[in-house]
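We just call them A, B, C and D in the order they show up, numbering each chain from 1.
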Amino acid sequence: MKSLASDNYAGVIPEVLSALSAVNNGHESSYGADSYTTRVGELFNNLFEKEVRTLFAFNGTGANLLGLSSVLQPYQSILCTHIAHLNVDESTAPELMTGCRIRPLETDIHGKLTPEAIRDQCIRKGDVHFAQPAAVTITQSTEYGTLYTLDEISAIREVCNEFGLLLHLDGARILNALVAMDCSAREMLTATGVDVMTFGITKAGTIGAEAVVYINDKVGESAGFFQKRNAQLASKARYIAAQFMGMMEHDVWRNYALHANDMAQKLRVGLHQFDEITITMPVEANAVFAIMPTDWIKPLQNIIPFYIWNEKRNEVRLMCSWDTTASDINLLVEGIKKMKAG
Amino acid sequence: MKSLASDNYAGVIPEVLSALSAVNNGHESSYGADSYTTRVGELFNNLFEKEVRTLFAFNGTGANLLGLSSVLQPYQSILCTHIAHLNVDESTAPELMTGCRIRPLETDIHGKLTPEAIRDQCIRKGDVHFAQPAAVTITQSTEYGTLYTLDEISAIREVCNEFGLLLHLDGARILNALVAMDCSAREMLTATGVDVMTFGITKAGTIGAEAVVYINDKVGESAGFFQKRNAQLASKARYIAAQFMGMMEHDVWRNYALHANDMAQKLRVGLHQFDEITITMPVEANAVFAIMPTDWIKPLQNIIPFYIWNEKRNEVRLMCSWDTTASDINLLVEGIKKMKAG
Amino acid sequence: MKSLASDNYAGVIPEVLSALSAVNNGHESSYGADSYTTRVGELFNNLFEKEVRTLFAFNGTGANLLGLSSVLQPYQSILCTHIAHLNVDESTAPELMTGCRIRPLETDIHGKLTPEAIRDQCIRKGDVHFAQPAAVTITQSTEYGTLYTLDEISAIREVCNEFGLLLHLDGARILNALVAMDCSAREMLTATGVDVMTFGITKAGTIGAEAVVYINDKVGESAGFFQKRNAQLASKARYIAAQFMGMMEHDVWRNYALHANDMAQKLRVGLHQFDEITITMPVEANAVFAIMPTDWIKPLQNIIPFYIWNEKRNEVRLMCSWDTTASDINLLVEGIKKMKAG
Amino acid sequence: MKSLASDNYAGVIPEVLSALSAVNNGHESSYGADSYTTRVGELFNNLFEKEVRTLFAFNGTGANLLGLSSVLQPYQSILCTHIAHLNVDESTAPELMTGCRIRPLETDIHGKLTPEAIRDQCIRKGDVHFAQPAAVTITQSTEYGTLYTLDEISAIREVCNEFGLLLHLDGARILNALVAMDCSAREMLTATGVDVMTFGITKAGTIGAEAVVYINDKVGESAGFFQKRNAQLASKARYIAAQFMGMMEHDVWRNYALHANDMAQKLRVGLHQFDEITITMPVEANAVFAIMPTDWIKPLQNIIPFYIWNEKRNEVRLMCSWDTTASDINLLVEGIKKMKAG
């Protein structure tokens, strides 16, 4: 059954399966010393329009924490939003792998971190009693499906510069963000001064493939050791490389990501027509957040599953994927109409 | 180029690629709540002939440490051989994920742990200053390609019982062991009293798929939390499940593992004919260890790559895979002849 | 120079120095196997009016984290106030020693945790992605010098029962709390259902001596192993025992703690007479929090040092100790008068 | 009852108690910002004849691990002897605080690490799978009461230089070593190239006071953060400073340490006269190791307690302290005579 519960429920795009078959060809050196992994490294150099260090990780949690653990000291703190995946969906893996304190901050009304919130935490510098703020992590697109503008990222970079903080970006849905803003990776990530990021393509339509990209070449020199220590080093790395090749070469990702975003717009429009439903967040990528009547939720989930984000206020999340169809959306919208008609 | 360097260099068996395609069919719940993961759980129940708890991990290091971290306390120690993967090939991931002391012990001449070596370490019980021995881990087949007999495992189990230790088994090459000993999993693992194990199929011919199997139902109740905390929980678990389905269903693994072992025997025979070469370990699974003249190593590696295990004594490891062919072996053997003919 | 900056600035009461001399008498077994440590164990049994497990720690951070690390699992979270010592003054030691997530919560206006704030966090039970709430820690007297009533502690205990949480109490200033509320330890701690606590006497007038008291005998069975692992086990434990003997026997502590509290009241009264000064917190133990004109702070600190708690709003903390004198208070109050007279 | 079981059983020298009283004089800044802590810093500068960074720790385990955690990365390994305190008497505190692998090595017959043993471990540089050797720790005097000569330390330093390792020294009994070898700290520690050490005075006759001394000014810049994170930062640091002042000023330590060493010699001579007793280690500091008939041990321990080092071979350790007397020794020796006559 199709679902709007999560982009993790969707399968894998055909180009990725083909790429897996294509690399399944005799022997290759293991642990990333293969030619395909090298090719993906070059692919990322091209994407960021500079030489970057790229390492693979198995999943989003692994990628976020490889990036952060390899650039931080264990007496420091990481500033994030209170809704960040790192704060509410990675168990205590952040503590395990970085040793750091996680400091969740209030956001603006669209789930985005503000320079002011960061600045407020940058106190007691050099005081050994206080876990020292050392990194900011933002999620693009955010957990609310919203987007930081280039100016907003730059403003956060500025406050990072002011207080000597590193800027990390959780790009679990970076492809949706790039197409939504019609930006190049260079414009959004290199030029704004992101130091290290998770470049995730799992949700976009692969089996499981994340890259940690060190855009700032002054950090992460020992990242390979952390990749192994954190148990994120694949023996047969070529099959992770293949997923990147299948998704990223020839800009295959672009149409898939555009499509998911388009479906979210269609969904927004479809839901907007009902007075009983309030769209709670700007729909800027592939997610729609909405409040609906309590007694609508169960019946509608039976038509097509979706996720209850906040039970208290009946807020639900509907997430579009590369394989969400106009029929899926119509199914829901027509279902609402029928239900109302009763 | 084909290689005898590692079974990690080999690709993926066709049945696994087919299984990936087969499950790539619409939406599935994520994080292991899908029907394929359930099916693999049943597959393991059948294999071990009892209800076992089965969790997936991304790689061998991740699987070993999920198993151990979920059954140990951080003030304890883990007894292993000095050549154990855990001791020499997992960086400090064991310390990170378990908190425990790793205690490498001397082995018998075939790389196997002995009850005596374990007993010698079981001192100072209750002494808070001394990291308390709490688990033994053995590798089957061993890092030297040798096998513990059922009696040897049982003898280790007995000393574990005597001192209240858990028995963990690193089965990175468990399939090679099972066919080599013509044993069922029940006979080798359930009946001998292994508590928790890594059941690895990556080296056997998949992309990357390991299972942590809790055979003892009294341990690992909270394992799911450790799987997430250790960043070993896949979002799209069905694609790990598919690899197990492709490898394990219809006993597909059996012929592949037998073949790899057969090739190792062929290799042993081929090398044995040269007086200059000493086979250093009994060839019991898919590995051949041999000492050869220093000036032979480089030229022979150019014919077909293999791994220098111990540089000091010119000991090399030649590892056969599911796709090693008789021609690969012949290539090497004929190469030696040609070289000698010079 | 005398100071109101912190009770850590004060010295040691004479009874403690005498006790150190008294135990300095020949040989004693080390690591807590001495007769003085046993005696202090009995002293705590008497104090709590039940058999409790008592272990020493070197400092407050060490004691808090010995208590918490020995009763929690590393995939859990600890709920505390955002002003808790654990949250803002223990670096990342909590993460190091417990592995857990620290979840700071908003407080009532007097720095106290509320059942509602706790209840709000008790979500997603059993969800492996979410660090599982497992303990609440409260500070008595609080970091704001206020006190939880017995009813307030009981109400927190009730919500802990509802959600299966342990109740930890940071008693860095527990002696001030006990005399202020004219309670027995049984009434405040045993009867209200505190599971484990830090019983601190360092700030009250010793060199450095904290006890971790496990009131709930069902938790902390392996605490001794954590005490050693956390490097909190003293070799010459008798000298920590002696500090407890000097402070606790014959209720020596009572007059000292009463005196410190009395001085805080005197200070409150002294400051209250100035319209320019606002006392910001109820003065219930030995601390006075006040907002004063910006340009008063430096000159007054030159008369007698005190601590700037919140620079933004000119809030200062004045902390009374066992050796604070009426003259110290007068010095400050007269200083203000003189300054105003200008 | 007097004991030869451990120098931890002995009390505190009177000069230390006096120093505690002397500093117990009004208010002092906390956490090491007091004048006494500063004075001890200078004392160490003088002792090492260069500017060193000195931080306090509460006990030997805490000091060793503050030193090591502040100079290492968590993917590295620490080389030590198999009898090192770090290896057998600090639980898993080393793993907790450093994250590193502990690699115990075989020693020469006197419990000392050799350059050869270190060199053998310095393999696989840059290989992310192998915990990277990064520090050597030696104990002076050793756990066997023997001493590294200056040449032996220098030879270890050389192999450290060859492989880029840091040299750490556990000086739990450094005072006994210094007087035994009639060396200055500069000669033994600065000039030989020790990078960081534990300078312990607890066993020598204080309550509990250890210093971590960073002789190499290029390491440990962030040590203060690790001191707090490891819960080794004392609030009332002046009382740790006082112990150093009481022990170290006016070279008070020298006569006490000489005396303990002298008693060990007297004990060695006393035991040597019995054919049934074999002194197993050169007596170079304050410990005597001996093998004696099984049925002698219990009765002699009743005369004066001592420690069974190795039950299997009836090896015992007799440890002399600052307060061991000639009568204590005579009591034992005469006891043996009487028993034999018996």
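FYI, a contact is a pair of C-beta atoms (placed from the backbone, for glycine too) under 8 Å apart; a residue touches a chain by one contact, two chains touch by 3 or more.
As the structure is a computational prediction, the values presented were derived from the model and not from experiment.
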{"item": "For subunit D, the least number of touch steps when starting out from subunit B", "value": "1"}
{"item": "Greatest separation from subunit C - chain, by CA centre", "value": "B"}
{"item": "Between subunit D and subunit A, distance of the C-alpha-averaged centres to the nearest whole Å", "value": "51"}
{"item": "Whole-Å gap separating subunit C and subunit D, where each centre is the average of the chain's CA atoms", "value": "34"}
{"item": "Mean-CA-position distance for subunit C and subunit A (Å)", "value": "42"}
{"item": "Of all residues in subunit C, the ones touching two or more other chains", "value": "31, 74-75, 90-92, 96, 128-129, 225, 228-229, 233"}
{"item": "Subunit C - residues contacting subunit A, complex", "value": "74-77, 88-92, 94-96, 99-102, 128-131"}
{"item": "Residues on subunit C engaged by subunit B in the complex (per definition of touch)", "value": "31, 73-75, 128-129, 132, 222, 224-229, 233"}
{"item": "Subunit B residues touching subunit A - in the complex, by the definition given at the top", "value": "1-3, 5-6, 8-12, 17, 20-21, 23-31, 58-62, 65, 90-93, 96-97, 202-203, 207-208, 225, 228-236, 239, 323"}
